[in-house]
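Next, two complexes with subunit A in common: one pairs it with subunit B, the other with subunit C.
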Partner chain A sequence: MSGAGNREAVFPTRQSLGLMKLKLKGAQTGHDLLKRKSEALTKRFREITRRIDEAKRKMGRVMQIAAFSLAEVTYAVGGDIGYQVQESAKSARFRVRTKQENVSGVFLPAFESFTTEGNNDFGLTGLGKGGQQVQKCRETYARAVETLVELASLQTAFVILDEVIKVVNRRVNAIEHVIIPRTENTIKYINSELDELDREEFFRLKKVQNKKQRDTAAQDAEIIAKRKAGEQKENDRENETSGGGDILGDDEDADVIF
Partner chain B sequence: MEGLLYNVNNGYIEGIVRGYRNGLLTGNNYNNLTQCETIDDLKLQLGPAYGDFLASLPPNPSTSTLAAKTTEKLISEFRYLRANAVGSLAKFIDYLTYGYMIDNVALLITGTLHERDTRELLERCHPLGWFETMPVLCVATNIEELYNSVLIETPLAPYFKGSLSHQDLDELNIEIIRNTLYKNYLEDFHNFVNTDSDIAGTPTAEVMTEMLEFEADRRAINITLNSFGTDLTKEKRKKLYPSFGRLYPEGSYMLSRADDIEGVRLAVEGVNDYKNYFDQTGLGQGNGAGAGNMSGGAGGDSKSLEDIFLQREMEISKGAFTRQFTYSIVYAWVKLREQETRNITWIAECIAQNQKERINNYISVF
Partner chain C sequence: MAAPSSAYKDRQFLAVIGDEDSVTGLLLAGIGHVTAPPDNQKNFLVVDSKTDNAAIEEAFERFTTERKDIGILLINQHIAERIRHRVDSYTAAFPALLEIPSKDHPYDPEKDSVLRRVRRLFGE
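The block that comes next holds the complex of A and B.
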């Protein structure tokens, strides 16, 4: 065990025993709760890991398609449209909003993407030729960005959950391996101290009893001795005064007191 | 008759262009290219055709630098032709560059509108559309200045005149400006090949009219298809259609009133070729694979309309070489070379991105 010295500095009284017992109970409840929280978080964490894996694979595919659709645009338009698109884009069409999700008391930010309708800044790009490709390429890239946003919220959740799980596990372990043993130790210590005190008390009482008995015995002996001495004297005196007088006479015997 | 004196001035150029045409990649070459595993292999395969131009590329170059280098070859050859051309051929070659100039000017206007430093835009401009006064465009800081003092100095001034005011530059979408200019350019070019005293009545006029009419129709159809779902109104759309071509005037009128792909199909029904294209793509019959080329990643079996148009353009260009004593082979050669660059870029992209199943979407006519 973690050594007899590992206990709290309390006086071994019944009151602190009560306190300690309460504390132990509290610690055990807390431990259970935290353990459950940690399990819930870990479950969530595993799920997120799995989804990150999926999202990353998906991202690879989507980005490949997107890059390829850009190649198609280059083929169809036959030139660089990058500058024109950059210049004609005025406001964001693809936007992201955040919301919070509560998982066992942990707030995970989740990003949600949405497109603003009717915002088509470069709708006319490639009007002469390749316009269809440009639009298609834009859609493909919008899908790619969607995947990226999804991945981003998963990654953020991943990092935050990782941190929280570490903290919770540390607490669980601390309660399990430090606080509970220490409280138990303290309780044991208090109990042993109290037992010790009990035994001492018992022994003391026994001693007292012994002494009392001894004293009583001594007293008795003294009284008996005294009485014997008295009787002797009386007999002597009787013998001296009546000397063979009538035993059944009026003179009474002195009462015998034991 | 034109054959009598043609070679005096233009025989050398024609010889050169025919030589260049033989240097174009053939179907066999493309087959070899599609077998390549890496960009380096591709570079090696392109070695005989492009030689020096690819020599300076680092190992495993990016597809964009590869495209830039192949374009570079086109440009240096084009410049050589231009330097040796005289008379009406020189003017004809100049006309070829105007299309690229329109793109460059549109780029610079975009830059000026957004108050960017237009100097850094110069290197993004297409070298074929380079004209001497182009750097001057960067001097203008606002759009009015650009219009009044700079644009009128450019060869494109006539295309601006009458159809665009400087307020339009501010308000209209740059794509509309670009397409308006392009429409004016096509009309002017068409006019040029049919009225110039040296060209009118020669095979040049004949072949070029066919090419330009095709280009005009293609633009009209594309603009209509691409404008669905955008805020381009029908009146504005109508102004972007060139006023010649096989669809003009009835087809154009119907195009201007089309609301959906079905409407476009009805509009082009008057011209048998285009009707066939639409039937091939299955457009307007409810199961349209999309009007864009290669159906944007969906990868359908049937070719898209733009693919068919490109294929057709290449065939017309190839056909131009069957005629002699004509300037149009220069135009055809430039178009073929551009398509070749696009093909190479496409194959390189497919190799780089490991999308081999689509690699055969290039267009080869030889």
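The block that comes next holds the complex of A and C.
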């Protein structure tokens, strides 16, 4: 039977057939929608990967320039400022905040850099000499960090989108390869069961009809026989009143009628 | 799916694991932050040839999982190379992990964990 395959455990009734048909329709609509969502996300995803590629290259260049400006500082100050800088770092001037962007129902966070005014940990760096270079270097690095922040947003979006696309695709595939065939199977099963029931019902009706016909035929025969018998009696009575001479002939008549 | 906004609402700092020059430069840009006195946690780690991998891993762990106020973690590529297995297995969205070039080690896109994922996805 077609119900032998993978199907849901339902009773084969017309009601559940209707339910299954609704479910199949819903699954198909959902599949279409999810497929479209997945396509929209993938489009976005490709765009982001392309931009990541560009940004990474840009980052390489920017960091090179920044490193060079730091070398200038080392040269101008005439010594290593690393230790001094590390020790005087207290509170971040350059910070990031996150904002959200909505792509087909997925929230993609993006970083946005901002500088808090008013605190400067490195006021004394390069005080003796090379102050200008230090200033320039700070600006260069600030620009570099901005590029890095931009890249980080892209990368975060990439990671999240990657995950979401996987989930969406898994859903699309689940609907396409599991839910829809299963529902179709169930519908087929219910249909075949209903047909079977129909055939049984038909056969039963036929049987009942046959029996009824037989019964009515028998009843008719009985009635006719009774009527005949009644007539016979009357005839007999008549015959008796008129005279018993014709009994034999009547009997013969009756035989002919039956 | 989409991370709840609480997961990144107060992530406002950048963290660095890098060689001395990279860290100095980034600190000059103003990303350095030291938390309030009791624990005095810095958001940067200077790595040189004497730093062992365990220390790097510990800092990586601290910046990525323990601290909840770091939005972006910058790490020099040649240092990422030393703890490559950790970097590659790191897939969380926050904090964003970014491999940056250093002065002595030019940037190599082939080694970047994210770019490798990009390449794998597009079957190149």
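What we mean here is this: the second predicted complex is superposed on the first by the 176 of 258 C-alpha atoms of A that agree within 3 Å, B and C clash if a C-alpha of one lies under 4 Å from a C-alpha of the other, contacts with A are read in each partner's own complex, and residues count from 1 in each chain.
One rule holds for everything that comes next: a contact is a pair of C-beta atoms (placed from the backbone, for glycine too) under 8 Å apart; a residue touches a chain by one contact, two chains touch by 3 or more.
Predicted, not measured: the structure shown is a model, and the values here were computed from it.
Colleague: Can A:Tyr75 be said to touch subunit B (first), subunit C (second), both, or neither?
Modeller: The answer is first: A:Tyr75 touches subunit B but not subunit C.
Colleague: Who does A:Glu222 touch here: subunit B (first), subunit C (second), both, or neither?
Modeller: It touches nothing on subunit B or subunit C.
Colleague: Considering only the touch criterion stated at the top, classify A:Ala67 as touching first (subunit B), second (subunit C), both, or neither.
Modeller: In the superposed model, A:Ala67 contacts both subunit B and subunit C.
Colleague: In the superposed arrangement, does A:Asp162 touch subunit B (first), subunit C (second), both or neither?
Modeller: In the superposed model, A:Asp162 contacts subunit C only, not subunit B.
Colleague: Should A:Asp198 be classified as contacting the first partner (subunit B), the second (subunit C), both, or neither?
Modeller: Touch status of A:Asp198: no partner.
Colleague: Just subunit B (first), just subunit C (second), both, or neither: which does A:Cys137 touch?
Modeller: In the superposition, A:Cys137 contacts both subunit B and subunit C.
Colleague: Figure out whether A:Ala92 sits in contact with subunit B (first) or subunit C (second), or with both, or with neither.
Modeller: Touch status of A:Ala92: second partner only.
Colleague: Please name the chain, subunit B or subunit C, that touches the greater number of residues in subunit A.
Modeller: Of the two chains, more subunit A residues are contacted by C.
Colleague: Can A:Asp236 be said to touch subunit B (first), subunit C (second), both, or neither?
Modeller: neither
Colleague: Following superposition on chain A, which residues of subunit A contact subunit B and also contact subunit C?
Modeller: In the superposed arrangement, which is not itself an observed complex, subunit A uses residues 64, 67, 69, 71, 80, 125, 137 for both subunit B and subunit C.
Colleague: Name, in rising order, each residue of subunit A that touches subunit C in their complex.
Modeller: 49, 52-53, 56-57, 59-60, 63-64, 66-67, 69-71, 80-82, 85-86, 89-98, 100, 106-109, 111, 115, 121-122, 125, 134, 137-138, 141-142, 144-145, 148-149, 151-153, 155-156, 158-160, 162-164, 167
Colleague: Quick check: in the complex, which residue numbers of subunit A touch subunit B?
Modeller: Contacts found on subunit A: 64-65, 67-69, 71-72, 74-76, 78-80, 83-84, 87-88, 120, 123-133, 135-137, 140.
Colleague: Show which residues of subunit C lie in contact with subunit A when the two form their complex.
Modeller: Touch list, subunit C to subunit A: 1-3, 5, 8-9, 11-14, 20-34, 42-44, 46, 71-72, 74, 91-94, 96-98, 100-103, 106-107, 109, 112, 114-115, 117-118, 121-122.
Colleague: Using the touch definition from the top, list the residues of subunit B that touch subunit A in their complex.
Modeller: Against subunit A, subunit B makes touches at 63, 67, 103, 106-107, 110-111, 113-114, 116, 121, 124, 126, 173-176, 178-179, 182, 218-219, 222-223, 225-227, 229-232, 240, 290-294, 296-297, 306, 338, 342, 345-346, 349-350, 353-355, 358.
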